[in-house]
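Order of writing sets the chain letters: A, B and C. Residues in each chain are counted from 1.
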Amino acid sequence: MSDDPLLDIADLRIAFDGVTAVSGVSLCVQRGEAVGIVGESGSGKSATMLAAMRLHPPNAAITATRLNLAGDDVLKISEPALRRLRGGIAAMIFQDPLTALNPLMTIKSQITEVLRTHQKMSPRSAKIEAIDLLTSVGINDPKSCAQKYPHQLSGGMRQRVMIAAALAGDPALLIADEPTTALDVTVQAEITRLIATLQRERGMGLVWVTHDLALMAGVVDRVVVMYAGRVMETARVSALYAAPRHPYTAALLRSLPRLDGQRGRTLQGAPPASQAAPGCPFAPRCAHRMTKCEEMPPMFSAGETQAACWLMA
Amino acid sequence: MTALAQVISVNKTFGVLHVLKDVDFAVTEGSTAAIIGESGCGKTTLGRTLLLLEKPDSGEVRFGDQNLGNLIPGDLRKLRQKMQMVFQDPYSSLNPRMSIGESLAEPLIVHGIATWRGACEKVAETLRMVGLDPAVAPRYPHAFSGGQRQRIAIARAVIAGPRLVVADEPLSALDITIQGQILDLFTQLQETLGLTYVFISHDLPTVRHFADTVSVMLGGRIVEQGPPADMFAAPAHPYTKKLLESVPIPDPALERSRLAHEVPMQARAAPSGAASLCPFVARCPHAMRICNEMLPPLQDIAAHRQAACWLNGGLS
Amino acid sequence: MSLRRSQKNIAGPISAVLICAALFFALAAPIVAPYRPTDINLRQRLLPPSWEAGGSAHHLLGTDNVGRDVASRMIWGARISLSVGFCAAFFGAVIGSTLGLFAGFFGGSTDRAVSWLIDVQLAFPFTLFAIFLLAVFGGGFVPVVAVLALATWVNFARVVRSQAMSLRAQNFVLAARAVGVGTPRIFWRYLLPAVLPSIVVVGSFSAAQAILTQAALSFLGVGVDPSIPSWGAMLDLGRNYLQTAWWMATFPGLAIALTVLGANLLGDWLSLRLDPRG
């Protein structure tokens, strides 16, 4: 049971009103493992994670060979089981805490609500636990914070509150969808550190979705690189940064602006407008493009790295 | 070196929020000056004040040798041809009900450079200059991607032949690979058209290579100023140091150790301290008694470098 | 999401049918109406509708107390109601939108002045004032339209003002100012196209309101020239015959109700279509 991956996705396909957004994504997250999913606009990374919690919009058509969260098929389980799952087994935090938190409820109410739903606590215990949670996410004055409303807090504090609310259900998996993108760079560093620490201390699984490769470097064990609705490369984090096997990963790494001033060659072009075309979606922008690339390459493995590129063959 | 544009001792308040506190800033012709800071530091307001899109409560705004505050509205409008702006969000800075051809021709019409019919040629040429196909002119903004819209916004800013372009976080809303392309475009245009840039950003690595001078803002004041290479190698102000330390580095081993050895997590308190003290005093690990009593002035600490800190360059 | 879609589906076609019918009758009156609205025929007075006992096939909806054909008068009456409704809404829109745009965009004393005007008018019992004005100036098409336009401009002004205020701060307006675009062009090419959907929606509701108010004014005897048939005047006349000749009041009343319903549904449908985010 504990050998089963916490999150197991195989061949996930998602289309919105007929337009393909995800064209066959497979990935897994083991218990206690931190995985980063990196991709630009149109990569399908957010859609994939929303589908994993069945939070996708109603006009999404989803098929998958496997879409299991803690062993349960997310697409098939009942409503009550899904409610237990969300927050209790897997919790999600979003980019903009202002819209993700209820503006009409105090912080205390929002956290105790989660505690009472998922951990079945009494109001008094929930109140105490809420204060403890706020402390554990680094809030200096948890009692005063608990009385406030979301709009009265700074961006960084709101994000900490959202993390506290996510942890309140004692989830086995935390999914963070661009949690620091809307924050200032100094706050970003603090929140990143917070999430990394909490993940290690609680032995939670973590999925960190972002477009910024540099950000996740110190937090995750493995990285999944997505492009145009597909997985391009999966590797252990040190291997990925030191020796990327897929040209897109290499281009992404080169594009990162560096404090020492060096900049690699700029990647030209843009992600494809539609995923309908056959073949590797990155081929039009790839410096190593071959005729073989007109056919979509399968995932080739080399040790713990997998890349969907004919160069690996 | 002549300053193309400058603000002198400007103050600006929005209601109770004192957004610019006695700020002096200048950009020399032909150079790129970056203004770095986090949200609420006043960098956007400073950028807008440079173009007099925001009127300061006190102080002077100059372009060339003109005091912009003394101009009548008609003359100010004409002068705008020479100083343009590129906004952060390419989605909202274009009129959704105007075709991009019309949006691009508009600056030419408004400044009497061309008529609606004669503008076509210049519009096509400018579209090509920013890497777009002139055939897209009849389309509307919603038909384009973020990167393309930003190219259009840049085209609109340069089409009437300005001398100064203020770019307010022009890359923030774009994907990483597209950011590189737009930055290349900025560099290229500067060479071809002889532009002067004021580049507002929160991203230090980007400006390291791109800017000639960097001004770091915090709490409505400039706390450090100088060439990026020297400043980033040896920051003089503790806040600059903090900013640099917060920049993630794509090196897993390095990042992991950095995340591990850090000061205990402190939720950032709401801006505290009197408005007339150093804006970093509440969070500075080197705060001294004098920091709680007097505001440090922005003064020279080395050739071409200034810092507003009682450590006076003694940090490094 | 599905509820909204079905609302859209019902409101659109129904309002289209109603409005088109009213428009058709108004425009085609001379051809479609079997009789002239002023044709008095004392020998055929007070005939019930054709399907009732005593009715005649020559007068589908019966005749009134001086033998005029009810159906014809209704058809001709559509002209008055629709033209009053449209003109009142149009002039109200022009006055209200202009004042609203200026108030919202310039703020300051302009805004204070316009807001004060709006508040004063809203605090006023307008219908009484309208009756007073019309009693003083007499009825007639132009005075009635003027009074109704005065009644509706406030609706436009309020909506347009608040939109202009939020538009003023939007990036594309700021960007236009940065380019050096002058205020007249900003009004014409930036603000007006953005507020036009709202104006159209408020316009359809205002037209409905104007038609209703005009009917009421005619009913109270201060409407348009009584010799021209209007639905309100027909109601007024038919009031005295409710017991004996119910058809005289009922059919014009129905016409008013259906036209107003059509205009309101049109407003609903337009507001969903043009402003999906509400």
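Following the convention adopted for this analysis, contacts are C-beta pairs under 8 Å (C-beta built on N, C-alpha and C of every residue); 3 or more make two chains touch, one makes a residue touch a chain.
For clarity, every value in this text was computed on a predicted model and none was experimentally measured.
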Checklist entry - Along the shortest chain of touching chains, how many steps lie between chain A and chain C? => result 2
Item to check | Relative to chain B, chain with the most remote C-alpha centre | outcome: C
Checklist outcome for this item: Per contact tally, chains sharing the most pairs are A-B
Checklist outcome for this item: In whole angstrom, the CA-centroid distance of chain A from chain C equals 55
Item to check | Interchain centroid distance [CA atoms averaged], chain A/chain B, Å | outcome: 31
Next on the checklist: So the centre of each chain is just the mean of its C-alpha atoms; given that, what is the distance between chain B and chain C in Å?
Outcome noted: 52
Checklist entry - For chain C, which residues are in contact with chain B within the complex? => result 170-172, 174-182, 185, 189-190, 193-194
Next on the checklist: Show me the residue ranges of chain B that touch chain C in the complex, using the header's touch definition.
Outcome noted: 51, 53, 77-78, 80-81, 84-85, 87, 89, 92-98, 106-107, 110-111, 153, 156, 160
Checklist outcome for this item: Per the touch rule above, chain A residues touching chain B in the complex are 40-41, 138-140, 154-157, 160, 184-190, 192-194, 196-197, 211-215, 217-219, 237-238, 241, 251-253, 255-263, 266-268, 270-271
Checklist entry - If you look only at chain B, which of its residues touch chain A in the complex? => result 38-39, 145-148, 175-181, 183-184, 202-206, 208-209, 228-229, 232, 242-259, 262, 265-270
